Amino acid sequence: MSQPLLEVQQVFKNFGGFAALSGVNIYVNPGERLGLIGPNGSGKTTMINCISGLLTPEKGKIIFEGNDITQMTPHHRARAGIMRTFQIPKPFNSMTVVENLCIPLEYAAEHKTSLSVAEEEARKILTLIGIEALGDLKPTGLTQVDMRKMELARSLAGRPKLLILDEVMAGLSGSEVDEILEILFKLNEQGITIIMIEHVMRAVLGFSKRISVLNTGLNIAEGTPDEILNNPEVEKVYLGE
Amino acid sequence: MVSIDLLLNAVVAGILIGGFYAAVSLGISVVFGLLDIANIAHPLFVITGSYFTFYLNSNFGLDPILVGLILMPLFFVIGNIVYQSYYHFFEKQGAEPLRGLVFFFGVLFLIEVSIIITFGVDYQLVEAAYLGESLNLGIVNVSYRLFIPFLVGVLLTTGLHFFFAKTFYGRAIMGVSQDSLALSLMGADPVRIKSVAFGIGIATASMAGALLVMILPIEPALGREYIGRVFAVAVLGGLGSVKGALFAAIILGIAESLTATYFGAAWSSGVSFGFLLLVLAVRPAGLFGR
Amino acid sequence: MLLFLGAFLITQNFHNQYYYLAAFTVLQYIILSQGWNILGGYTGYVNFGTGAFFGVGAYTSAMIVKTFKIGKSAPFLELPILFIAGGLVAALLGLGLGYLTMRIKGIYFSISTLALAFVTVTIILNIDALGGATGLYIIRPRKIPFFTNYMEFLFLVMVALSIFAVAFARYIENSWIGRGLSAVRDDEDAAECTGVPVLKLKVFATMASSTLMGVAGAAYPYFVTFLEPISTVSLDVGVNSLAMPLIGGTSTWAGPLVGAVLLGIIQQIALVTLSPEYSLLVIGILLVSFVILAPEGIVGLFRKFRASLKK
Amino acid sequence: MKVLHDVSIEMTEGETVILLGTNGNGKSTLIKTIMGIVPPNQGEIIFESEGVQINLVGKKPQEIVNMGITMVPEGRRLFPQLTVEENLYLGAFRREARQNLERNLSYCFEVFPRLGERRTQLAGSMSGGEQQMLALARAIMSSPKILLIDEPSVGLAPILVSQLMTSIKEMKENLNLTVLMTEQNFSQATKIADRGYIIVHGKIEFRGSNVELSGNELVKQYYLGT
């Protein structure tokens, strides 16, 4: 087995007196689809913030492609190929959808192209996601589903090696979930490694090759979707005892 | 050589002035500290109170403190109106707080210019029999000109403190900016609560204005200096804490008084802004940043 | 270039001094507004303390005039030196402001810029070498080759500077830098996570903004010939430099330009026909009305109007 | 976005009803709609009190609270900078509740003695479990007839969840409440419920009694999507 694309080693993060992460380990191999689940407040989003660099852990290491990136700024990580979405979408509201995509194209994707080339690229990505018709709208006018698709498209515009999705399915209908899953499978086939944080079990179980379960800032289980489903520990955490 | 006399007098003067600063800053502690509305024009409401007091005092011979009291209901209503329009134009629209700040910045200039046009730029002062007298306590000399504003300031602060701590409305005002949805789940109307709170904040300005014109002659641009003082007091005192504001105001009063005594009066008006800049620059990020 | 040539021809043929003085003020505010807008409009950090940067530029320039007397030996070299020096010192102060943007934003940032202006006033008031409260006289050179008087030359230089300021703002706005600044204004976390070096851009914006303000200030001593801290550094400059872009529209370089020209002219008219108070009153009323009714400014109104015509 | 599609639920006086389903399926939205926090695009919410039927749609949260319907919001939403006591007093803001203030206060301290010990502590500095107790107690302070509880167990250790459920049951019986609760923790919630609904993607997929809900296979089917 080659080295993992991303490795999180024994990461600790506290907020005031509250321990959000108490020694979490996660790894993902190149080309893999990893699901990250756990009940609310288990530390999933904190974990992503540590990986994308918005938070710096108190202890532990984050290693990407063999390099220690624990102290790297978020924008350098983005350029290195780590892109993410936000649980509550954070669009650039003063820009159109295409312009939103141009930001990572110009800043993260490392081909300092002209604006017109970037715009063309942006439209291609929008077509891939299926929202090419929305290109010239401002994000404030978008529906929740389209907003999430735009966030997905914007992170793709950064040409990620690793794509981290923070609850992109929340609030979507069954068919919309399927639609996004289809896109994600396609992206994964193109070689993008994906970490999916999700509450919609159907999506995460169907999508992931491997699932890691967090509870109260600790790893409690890891395995294939089937193994996770039959893990008594997981059942206890999710369903109560 | 530091003279004990000089030092003691400076400290006492600082404490007295601090009590008055508390009165000036109360409105900001309430409006900025509790409601999150950066009413940068607050000092100008204070100056407006001063000019009203000056007008009624010089034309009808009314006692300044009495004028301050009489004006409080009027200022309460003005505050209500200002908040209702602020709510209507900004809060309800979900506008960024910065736009609200710019709005109040404009209001500041409007009030200042209106005062200049009405009263001119000359210095004005009020008269009352007791203002010239003073209380001699051995080495320290306490003039009523400073002592009465101090007393009123402390009374006003204490009164508000109990209002917030002991009444349903007071508690609701304390809770409203922490979580206005949760407040509505307690059965209180957040907009009404904020309107009342804003009214109270502006009402304190009429009294503070009366005190100001007792202490020293006023001119329209004086309000600008107080921007630093009120925000320094509100931020240093721990936003929203009335007790903390009194404490911070007294510290600021002493610091200014000592600065004036030992470095010259020209430095003392910069003390509050320096304090403010320092506190904002060195405080840990995210403590009360939004 | 054409604009500049036009301005040059005007100076050669038209000699009513009052108009030069009025035009100087308008040009000065074009530079200040563009400077303000780079930080306040593009990046979203509202600065109330323009006076501090303007004042620092002005005092730096005044001190150089007084100390080195370059004007006599090299009349055409003096102004550029003053601009560079004034801009540099203001940029240094801007670095401090850049530090503040790291720690605070929104309302707290704005209040701290206000504090910065007042602290600057206090410091100048207490330094005798800078004239303290009494102020500082600067003697404007009487003559300069090719022009009937120095004011006309100064006017021409200000035209050039204004053209530069507008072009500079326009360049930033339309480049990757401007798009990055917009991203920073909209959401700093999202900007960082899409590869935008937020801190670097913020420091760039504060420094570019304060340099322009400092340069505008550097021209000021020769214009007024008397520097005094309260009117130079205090809020009046601050409110104008903020009101003009906000009224014109902060999203594009045209906004501050329109705002500065329009308000500058209205103010000059109010100043002559009424009094200085009324010129401030006009600004106050317009600022409040625009913030309430048309936060996108005149440019925004114009765009809406054009869009409604298309439909 | 459509979060809820044609959802109908009903409860009668004295019942404990639970809404089940994982995050993002619309449970919370339903409760927020009842409280007037989120307006429905369509539909009615009828509250019957003393023989009078009132449509709650279009009413503001504070008006609904004043009718005797109180909500314990998700994430507790305490006033973090106020003390435990101040939070409780604020709970009694509505006029009818002020008269019962002393009685309700002593009842709350009886059910949650921990809160009595921490009267003067700031709410924000308490542990998650204590905060949830305070949120419940604060709601009780408003003397409600109907209590809506949104996701009470989020972020709590299992043992605390179990205690919390017992307290809810106790309060419900002592104070004659009607309770509607959303919950992810299946087994704990079914312990105290009379009936329940399972919401999946904004639709009611299953309704049934306590016993019917406890069938573990059903749980897995709807919950984990297997």
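Each chain gets a letter, A, B, C and D, in the order it is written, and its residues are counted from 1.
FYI, a contact is a pair of C-beta atoms (placed from the backbone, for glycine too) under 8 Å apart; a residue touches a chain by one contact, two chains touch by 3 or more.
The model shown is predicted, which means the values in this text are computed figures rather than measured ones.
S.K.: Which one chain sits nearest the middle, judging by mean Cα positions?
M.R.: Chain nearest the overall C-alpha centroid, as shown: B.
S.K.: From the C-alpha centres, identify the chain that is farthest from chain C.
M.R.: D
S.K.: Cα centroid separation between chain A and chain C, in whole Å?
M.R.: Centre-to-centre distance between chain A and chain C: 44 Å.
S.K.: Just curious, how far off is chain D from chain C if you go by their C-alpha centres, in Å?
M.R.: The separation of the two C-alpha centroids amounts to 57 Å.
S.K.: For chain A and chain B, what's the span in angstrom between their mean Cα positions?
M.R.: Whole-Å distance between the two chain centres: 49.
S.K.: In chain C, what residues contact two or more other chains?
M.R.: Answer for chain C, listing residues that touch two or more other chains: there are none.
S.K.: Draw the chains as points, connect those that touch, then say whether the picture is a line, ring, star, complete or other.
M.R.: Topology of touching chains reads as a ring, each chain with two neighbours.
S.K.: Which chain pairs here would you call touching?
M.R.: A-C, A-D, B-C, B-D
S.K.: Under the stated contact criterion, what part of chain B meets chain D in this complex?
M.R.: Counting only chain B, the residues touching chain D are 168, 171-172, 174-175, 178-179, 181-190, 240.
S.K.: In the complex formed with chain C, which residues of chain B make contact?
M.R.: 38, 40, 89, 95-99, 101-103, 105-107, 109-110, 112-114, 116-117, 224-225, 227-228, 231, 264, 266-267, 269-270, 273-274, 276-277, 280-281, 283, 285, 288-290
S.K.: Tell me, which parts of chain A touch chain D in their complex?
M.R.: 39-41, 143-145, 167, 169-174, 199-202, 205, 216, 229, 236, 238-241
S.K.: Enumerate the contact residues on chain A facing chain C in the complex.
M.R.: Residues in contact with chain C: 52-54, 73-75, 78-79, 83-84, 86, 90-95, 99, 102-104, 106-109, 112, 115, 154-155, 157-158.
S.K.: In the complex, go through chain C and note every residue touching chain A.
M.R.: The touching residues are 176, 179-180, 182-183, 185-187, 189-199, 251.
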